[in-house]
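Shared between the two complexes below is subunit A, which pairs with subunit B and subunit C, respectively.
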Partner chain A sequence: MAIKESIQSNFQTMKWSAWLGWQMESNWTNPFKFLVYTIARPIASSLILVVMYLIITGGITYTDQFHYIYVSNAFFMYVFWVLFGITWVIHDDREHFQTMKYIYISPSNYFSYMIGRSISKIIITTFSIFITLGFGVLFLDIPLSLTAVNWPLFLLVMVIGLLSLISFGLALAGVSFLTAKHSGGVNESIAGIFYLFCGVVFPVHILPVWAVVFSKILPITYWLELVRRSLNLGVGVDTALAGTSTETSLIILCVSTIIFTIIAFSIFFLGDHLARKKGLIDMTTAY
Partner chain B sequence: MTIPAIEVKDLNRTFKTKAVKKKAKAEIVDALKDVNLTINEGELFGLLGPNGAGKTTLIKILCTLLLPSSGEAKVLGHDVEAESHKIRHKINMVSGGETSGYGLLTVRENLWLFSQLYGMPNKIAKERIDALLGVMELEHKKDSKIRTLSTGLRQKANIVRGFMTNPSLIFLDEPTLGLDVNASRLIRDFIKNWIKEKEGRTVLLTTHYMMEADELCDRVAIINDGKLLACDTPANLKKLINQDTTIKLEIRRVQDLSAFQEIPGVRSFTHDHNITAGITKLKFILDDDAIVADIVAAVPKSGSKIVSVEKTEPTLEDVFVTLVGRGLTNDI
Partner chain C sequence: MIFDDYEKPSWLMMNLRAVLGRAYPRVIGVNREPSWLFFETFLPLLTVAAYVYLYKALDAPSQYIGYVIVGGAMTAYWMNVLWHMAAQIFWEKEIGNLELYMIAPISRMAILGGMALGGMFTCTVRAVSTILVGVLLFNVTLSLPNPLMFIGIFIFTMIALYGMGMMFASLYMLWGRQAVHMSNLMTEPIYLVSGFWFPIKAFQADGILGASKGFWLGAAASLVPITLGLDGMRQCLFPGTNDGFLPLWVELIALMILSVIFMILAKLTLDYMEKLGKQEGRLTLRWQ
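Showing the complex of A and B:
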């Protein structure tokens, strides 16, 4: 009975914090402007990438390399928005809205609250990725065919990959408990590291040996590779994971996600404890 | 035997302040020093102290926002450190002087969110929100976004958030800070009625306003520099200085008050300059009546003239001044 009540309570917390997240993202303007912004933002980001690619390649259009970069960048939006978004929740709730202390002392589990806020980020980002891919298919000859997609693999990889991203986000949230608003750059730096080492814009094999080793322990490297393989896009590019079978990549993704999740959860709860010990739960810095 | 609502034993809390210069050592500040306190169920308990006295630190520990450095603190029979999850569904807190709330949400949406975080059933949440918005005269603003409300209205919404969960124990940290007279009175009346409505409800209130503590509280503790100096009913606290003489003196405005500090037998005094009226109000606590003559004689020496002299009954503020050595609004 107690377990059932606990599950219900945590689900309730996640549901309402996800609702709050959605309200915060969508409620800043009228629905029409929000729709325009939601569509224009991912398309504008895609066009920047297209222009950069065309300039660098001297006008050679739409090879496997382009498909690789386009798809990787589209799915990397999850990394940026989930990592950055989750940690910003702590700073915003604590310093801007001054609600964190009231949520913290409520009977709801703060961990579940953060997961709910992450889910809202994922839903919003999914919409942006959908638009980006649709734009790519319609205007940039991205050969995405729904019949060619390995759906079971795609869905499995997405669930595991998003779990690893939420874990990374929660680890950074644990750090954010102890840092002030102006240190938000840490989150961007971590996202930047993933951008560089996880094979987003260029294949991992062109990195120095130590960087290849580093990239091969990060679950996001395998996640992006498996997303590309399941969508059957950009797979002709040598990514340094070319010799690793899909099954092996999936196993490595699972194992590294489990390890990072354990580490991330530990960091979150340690950060929570230290913040309560140091009196930082309601810190306002006026920066 | 009834479990006390709050039981604090030898509670200490220190903070390490960051060194400004690289080679300088970090300073350790004692925010609470060996605090012992018991608050009974059903009490409206006041905590009085100047800024930095330790009031908010004590409240933060009791409402599970902060861990103690040493000692024991129990809320409704549960340890604040080990059993915070058992405490949280029975308590709530309202802080004054802040503008908390999600500005993009309406008053109702903000309150609804918190009702759901407390697991309140929908019907009960709706009824309580509506009822409390009515009591706080906020009904007409329920669909307004929080960011459009004035500080006073936001504080009223904050009060609704704190009370709507029907807590057994509520912490009110300067709930009327910065509010106008009418809003303050409304909130004070609400607190008085709320605690009487149902047996077993407890309130821990911190305030800067002595009159508020005097009017509302069953018992009051005076805290300064992290130490509890006294704890009793307002009437008993006043008896501590009943044998002393308290006089109010209005004089033409004067800057130099040193002449009054040197008079033997003056236990403490506070002052308040009224710039527009050109008057300085002085309040003295004296060892006996004979010293009144010395004070009156000191007025011309300070270059001023007497406007009025009045002997008064001791107030909670006089107790505070006697124990702390200064008033809440000035440092003399």
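Showing the complex of A and C:
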């Protein structure tokens, strides 16, 4: 009975914190402006790469390399927005809105609250990715065919990949419990490292040898490669990953996600414990 | 009485002190928190490196690597204008400083001018570091046959850009969370149209927009001063590459005109928004 109540309570917390996250992201303006805002950023971000590609290749978009760049960059939005978004929740709640202490003294579980806030980030980012891919299909000849997609692999990879990203976010959130002035810098550094080393806008084999080795220990590298394979777009462009089978890539992604999830949860709970012990839950630094 | 001995400084002196006083925390902040210097140099380098490798993967001409490094360095100024000029007023309102500025016997332009000067200093440290590390890391050759033109382009880009930042700051004065989202909205779209990662003349290529549409998009984007500034600086640093949007002297004159226009607009919008804010009681509204 107690377990059932606990599950129900945590589910309620997740549901309402996801709703809160959605409201915070969207109710600052009217729905039309919010729609424009949600569409403009990802499209512009993709078009930067499109123009960079087109000026060098002279307007050709039907190459595997172009599809590789476009799809990887679209899905990388999850990395940036989910990772950055989760961590910023700590900073925003504690410093800006000063509501963190009230959430702590409510019957809600703060971990469940964070998961709920992550879900709202994932939903908004999913919409942006959907728009970006749709734009690519309609205007840039991206040959995304729904019948050619390996749906079981795609769904499996998305679940594992998003779990991995939420874990990264929670680990950084754990660090953010204890810091104020470095949250932004640390988050952006991690996202920047993934952008550079995980084969987002160029194949990993272009990197120096030491960097290829580094990129092969990052789960995001395998996640993006598996997303490309499941969508059947940009496959085989990266010779550094072409030799790794889909099954092997999936196993590496699963194992690294499990290991990192354990580490990330530990970091989160340690940060939470230390923040309470040091009285940092209601810290305000005007930063 | 202590007030009898107080010699009131002139209007000019008070405002100069306000400029220096507001610039001071920005300059000194770099020394107080050295880790920021690391992050501010290191972070743009990650994106710069990613785009350099993208151009390498595409076998792009070597000057494109230089274009990316210069563009990456200049992102510091654009981010500074968005977050530390425009959105700064929003933060000042949130933490309660805005009302102190309002009751101080100084021009609001002096406060914004101080923010701009301090911001320019920290951004220049970051931009120079990015260029130095980028040039050394990717073995890029820069040449500067016309340093006076480069200096002129840079100075007027800064005046026009921070004038625009001051204008945005006044527009942001009445906003709540919209301020954060507007700054977000003006990041990637401006990177795209202003050619931070490629020359804006690229829009005129046949495979992209074509000569006419590409030119007019570039012309419209030139209303953001950093567009012409970046293009001009690239023309100065990579002479003979034929990727410039307009002749250098035209870009310099355009930047001079933009400098005057944005400074005037900044003053007008600041006065108007302050008046509106007082009428509607929104200058001290927090947590919107």
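Note that in this section the second predicted complex is superposed on the first by the 275 of 287 C-alpha atoms of A that agree within 3 Å, B and C clash if a C-alpha of one lies under 4 Å from a C-alpha of the other, contacts with A are read in each partner's own complex, and residues count from 1 in each chain.
By our rule, contacts are C-beta pairs under 8 Å (C-beta built on N, C-alpha and C of every residue); 3 or more make two chains touch, one makes a residue touch a chain.
This is a predicted model, so every value here is computed, not measured.
Engineer: For A:F202, decide between first (touching subunit B), second (touching subunit C), both and neither.
Structural biologist: In the superposition, A:F202 contacts subunit C only.
Engineer: After superposition on the shared chain, which partner residues are touched by A:L20: those of subunit B (first), subunit C (second), both, or neither?
Structural biologist: After superposition on chain A, A:L20 lies in contact with subunit B alone.
Engineer: Examine A:Y104 and indicate which partner it touches, taking first as subunit B and second as subunit C; both and neither are also allowed.
Structural biologist: First partner only.
Engineer: According to the stated criteria, A:P31 is in contact with first (subunit B), second (subunit C), both, or neither; which is it?
Structural biologist: Neither: A:P31 stays clear of subunit B and subunit C.
Engineer: Tell me the contact category for A:I193 with respect to subunit B and subunit C: first, second, both or neither.
Structural biologist: second
Engineer: Answer with first, second, both or neither: which of subunit B and subunit C does A:P152 touch in the superposed model?
Structural biologist: Neither partner.
Engineer: When the two structures are laid over each other on chain A, which of subunit B and subunit C touches more residues of subunit A?
Structural biologist: C
Engineer: Under the stated touch criterion, which partner chain does A:G243 make contact with: subunit B (first), subunit C (second), both, or neither?
Structural biologist: In the superposition, A:G243 contacts neither subunit B nor subunit C.
Engineer: With the touch criterion stated at the top, can you tell me which subunit A residues are shared between the subunit B interface and the subunit C interface?
Structural biologist: The overlap between the subunit B and subunit C interfaces on subunit A comprises residues 24, 28, 97.
Engineer: How about subunit B: which of its residues touch subunit A in the complex?
Structural biologist: Touching subunit A from subunit B are residues 15, 57, 60, 63-67, 85, 88-89, 91-93, 95, 98-105, 109, 113-114, 116-119, 161.
Engineer: Which residues of subunit A touch subunit C in their complex?
Structural biologist: Result: residues 24, 28-29, 37, 40-42, 44-45, 47-49, 51-60, 65, 69, 96-97, 181-182, 184-185, 188-189, 192-193, 195-196, 200-203, 206-207, 286 of subunit A touch subunit C.
Engineer: Where on subunit C does subunit A make contact in their complex?
Structural biologist: Subunit C reaches subunit A through residues 33, 35-36, 38-39, 42-43, 46-47, 49-51, 53-60, 64, 94-95, 176-178, 181, 184-185, 187-189, 191-192, 196-198, 202-203, 205-208, 287.
Engineer: Considering only the defined contacts, which subunit A positions touch subunit B in the complex?
Structural biologist: Listed in rising order, the residues are 9, 12-13, 15-16, 19-20, 23-24, 27-28, 97-99, 101-108, 113, 276-277, 279, 281-282.
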